[in-house]
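Take a look at the structures below.
Paired with chain B in one complex and with chain C in the other, chain A is shared by the two complexes that follow.
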Partner chain A sequence: MAAHTSRAFLSLGRINVPGLGLHKSVSRVTYSTGLSTDSSKATTGSPQKGGKKVLSKKYKREPGDPRTELMPVDQDWTAVYPVATPFIPDAIPLPVRMGCPVKGGAPPEKKGNLELIKIPNFLHLTPAAIKKHCEALKPFCTEWPSALDTDAKCDEHFPIKVETKSYVSAGPSIRNPAARIVHLSVKLSSLNLNDQARKKMLKLVGDRYCKDTDILTITADRCPLKQQNYDYAMYLLTVLYHESWKIEAWEAEKTVADMEEYSWEGSLSQENILDVLVRMKEAGEGEGEEVREQLLGRREVQEYKDSVTRLKNEGENESTMLQYKEAVKKVLKL
Partner chain B sequence: MLSMYFNIHGGSQQQEAVAAESEPEPLSIFRTQENDPACQSEKHFGQYYTLPSAHVRTVFPHGLPMRYKQQVKTFNEACMMVRPPALEVISSLKKTDNSKPAVRYLFYGLKGSGKTMTLCHTIHFCYTQGWLVLHVPDAHLWVKNCKELLPSSFNSSRYDQPLQATEWLRNFRITNEPFLSKIKTKQRYVWTKRESTEEGSTLGELVDQGITRVKTSSDVVGAVMKELRLQSGQPESDFRLAVAVDGVNALWGRSTIRKMNNTAVDPEELTLVYNLRKLMKNDWTGGAIITTLAQTGAVYTSKYSYLPKELLGEKGFDSMDPFIPVSVPNYSEKEFESCYLYYMDRHWLQYPHSRTEDGKKELIFLSNRNPSMLERICGFH
Partner chain C sequence: MAAPMALRRELCSLARILSGISHLAPRALGVCSGHNKCNIIRSRLPSTSSTSFHTATVFSSITVTEEPDTLFQMVSVMVKGHDRAVLDSYEFFAKMAAQELGITINKVYEPPKDIERLTVLKSVHIFKKHRVQYEMRTHYRCFELSHMTGCTTQVYLEYIQRNLPEGVAMEVSTTAIEKVPDHILEPMWEDRPIDDKPGQ
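So, the complex of A and B:
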């Protein structure tokens, strides 16, 4: 054990050992192998030469093999590194190198490498260690409900997901102000909203809704405590839901410019196409509403309607333009 | 291809063999002798046909792109390539029914891909078929850089542009000489207390009135458009009307003209634009409306926009709807080959490096087969 500790001291480079001659011998040992060199004998020898009978010729034990040589391959690593400990080169059987490489050479080896000691290591958190932690925590846990075996079932029964972060650090205070933030996410399809309510909800919510995943995310961080923020987020969700179901008097004044999507019925495009078809030979069959209804029912007109709606809603690219062109050609019978 | 080129000048057996297998054009593989647009077909895709210089003077006093006009002057001939978009519209035009409302065609494509040239090709077809061509070379010219803006005498809320109107009337007269004496006005037009055009006078008189009396020229343009619109497609008139507008997105865009109190003028308030918009509607029969989008002269539009809805805007799209959009793409490989051979034939490609395969690949890379870029780059090669 003593030898172990002394070697530890050696590698740390910090010595608090009283005694003469050992300073020099220690600094030499840091950059060389553990074998004692002749120079140490020389220094210890010199007082002897001086004639003084120094009884305290420090017995310098030969440092043995590093512990890595003696470790079996299937050892229990959690016993070697049970807690967070700085990097010990002789206890870690890995040929790690770190630092700036010498010109034409490799980075310095792990022995006495300060860089490896400075950085944090997670050697105490290997999978085996984590497994042991889980086993230790198991008596305090309840079982996962067997009915919730797929993600879809979890979404169905628990549509609201609350995300919070907690922080642990060593410092003068254990509080972290970032721990108060609460993210509440819910899929709009799981809420009971009809068409008008959904459009109003989207207008109220704005950027907080992601169209691709259909998830509304409410982030609350205005209160100092996590619990307060959670309550506020739940309150916001409730209020949004109820408000989107209410219909105000001024909502009846919604104009075409406010519409989220293009609807072909009642648009200029419909007027135009009916006008054109009436002026073509179709005009001979009668006037008024029946003609319009009959024209609207035609297949080409339906195709035309689909192509215009697609063009306006999706934006224009080659495929929508081609579809529109084909539809117009068919309608105008070219 | 290269050996083909040298053989043209050599005049060997090979040349006749090649000529026999592909169309009766003894000169080269990129030209065709079929100069009548009505008889051109898919066989002539990628080949150049020559426009007779008389046609160029009459049909296109103001219609051709500037660089093409310079090219015509340099090469001493006006050669145009036969391309699929033009032939598509021409074949539709051949089948138009005089009793049906006018169909609207819209050429769209990237900058410099050949939309104006395609429009000119279609106009040439209409002219050779004897149609009356109402060609507005660049509608953008009417919404910007107006030196003289007069309040309209006809309608006080609108504005006249006498200079642009007179110039357009002059060019219209050059193109449609034969029709001017045949078409008679159906209405009486009063210009001032002393001047008026009686019912039954010829279109030529109306146009002359506009050219000589510059102040009334915008209203004359409106009157001409109205007359033609009312009369085409009627059983007693024997002409068909082709309305060709380049840069049609100017009609529904913004203008840079400002009134005296420094507020911007809405294009609708300009007489010329107002009348042209009326022509764009398909409520008349017996003809066709062929238009092109143009970003090049457009104001307040992004440099990279080229799609119809972007350039026309909501209002423009709804007014033009339903129309047939025809895409004009960059040159295909065959068309590029043809263009390259044409420039070589005209000795436009000077450096020997451009005759090599590497040079050709360089041209393809630099221009991305865009017609106008290719033309500019070949000027330096």
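So, the complex of A and C:
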């Protein structure tokens, strides 16, 4: 008989008296399968349907009031939701409704609402909680130096700017390879460069220099780590600086085609205008170096020189063309 | 006029404070990673934090070192997510946290959203005329904070990032400002006359 009963159902927990009938068990939970033995049917006699065993006195705990009923109005909410927790309808005393409304009705209530559980909630970050957190974090913060309140002062004392990006996201990996890129920008006017060094630096650097803002930007991304790229960028800046101060022997062979800016002295334009003026016999009779020098000293010739230089350097626009026209008229006395 | 040297504070027990706030197990912090060459000149007596949380009073010791703090002229935080309402709430949280910690917020703006659409066949086999279209919407929110020190940036960013909601990504762009290093102040060829070596 005992073997029969044990085959018929699984039992969890302690079995008090395996031999006796089912109705005697108080402190055990049992499952009943579809099978039932004849012996158990005979002993209990209570089930009405054939084949299905029903426990008449199943211990069941009554669900109490939801926590929301017992919450005082002035409670400390940071104690109820101290961390990011999913939405618990019985712990939040708000009549929230969310979801697609039934036709002619309201959206579903909060009890058993999956939409409220799916969306991230900010119940742990109420203003009171944020204030508490910031109170605790305040001792670890430092103040910005009050002397550096404007951007101009920052540029003056701290001319080098290092831009980096970092990324936070969820995925198979927390690393982002784009986080290794470092941009180092510096204004050339803040470095100690003379004229020749500046020109050489611009030639060495090429595209990395922006003429409008006078900022040199070095981007380093060849190393796998941000710190390495930063060190490399600083190394590049150092090397560029020292190399641009070096004067090589072959730099003396710089031709007119290598010049960055147009300079009027010794150019074709100077010879031409002096020839024209000598032919027009402006300085009186006589040719030679003294005449040319005297012509050069004249105000109209200086203005002509300025206008031609400006035209060549800045390109052709309204103001430069006008200036050139006026200067030519004055020089040739038109 | 030289800018005053700011003192660095080490975030030794930030993990402990935040674990006092949260019930999660304390996670190891990589916060003090880059600046470990500081000599601890003096350390204050351990001071308990002013607020006591319901779990326990948190023991915090703040060490102040003489190492100069990094200065960030601009810190730009961009958050991306699929839900605009979540980003709205996060914006409120980030703005309030910045105000409480005394950080100047330059501007908070919302770049236009990106919608990525794709069209696929509805059926496994044939039925080319019947398709189904999906779209993924990415909303953005950008906070620009200016004039922050390295310590404040670490504290604020860690606080913000620990409370980043699920499904939201963040991109932080920092602009640090530095002095011109000593080896670039003067050219090293000063003591020698013009170099005559061939360039190549």
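Brief remarks follow.
We adopt the following convention: the second predicted complex is superposed on the first by the 190 of 334 C-alpha atoms of A that agree within 3 Å, B and C clash if a C-alpha of one lies under 4 Å from a C-alpha of the other, contacts with A are read in each partner's own complex, and residues count from 1 in each chain.
Everything that follows uses one rule, which is that a residue touches a chain if its C-beta (ideal position, glycine included) is under 8 Å from a C-beta of that chain, and two chains touch if they have at least 3 such contacts.
Since the model is a prediction, treat every value here as computed from it, not as a measurement.
In the superposition on chain A, A:296 makes contact with neither chain B nor chain C. Within the superposed three-chain model, A:167 lies in touch with chain C and out of touch with chain B [touch as defined at top].
By the document's definition of touching, neither partner reaches A:223: not chain B, not chain C. By the document's definition of touching, of the two partners only chain B reaches A:321; chain C does not.
In the superposition on chain A, contact of A:117 is made with neither chain B nor chain C.
Of the two partner chains placed by superposition, only chain B is touched by A:273; chain C is not. Judged by the number of chain A residues each one touches, C leads among chain B and chain C. In the superposition on chain A, the residues of chain A contacted by chain B and by chain C do not overlap at all. Residues of chain A touching chain C in their complex: 76, 78-79, 82-84, 119-120, 122, 124-125, 127, 130-145, 147-149, 151, 154, 157-170, 186, 190-192, 197, 227, 234, 237-238, 241-242, 245-250. Across the complex, chain B is touched by residues 267-269, 272-273, 275-276, 279-281, 304, 308, 311-312, 315-318, 321, 324-325, 328-329, 331-332, 334 of chain A. Interface residues of chain C, counted against chain A in their complex, comprise 1-4, 6-9, 11, 14, 17, 21-24, 34, 47, 49-51, 53-54, 58, 60, 62, 69, 71, 73, 83, 85-86, 89-90, 93, 96-97, 100-102, 147-152, 155-156, 159, 161, 163-181, 183-189, 194-199.
Within the complex formed with chain A, the chain B residues making contact are 92, 95, 100-101, 103, 282-283, 307-310, 318, 321-327.
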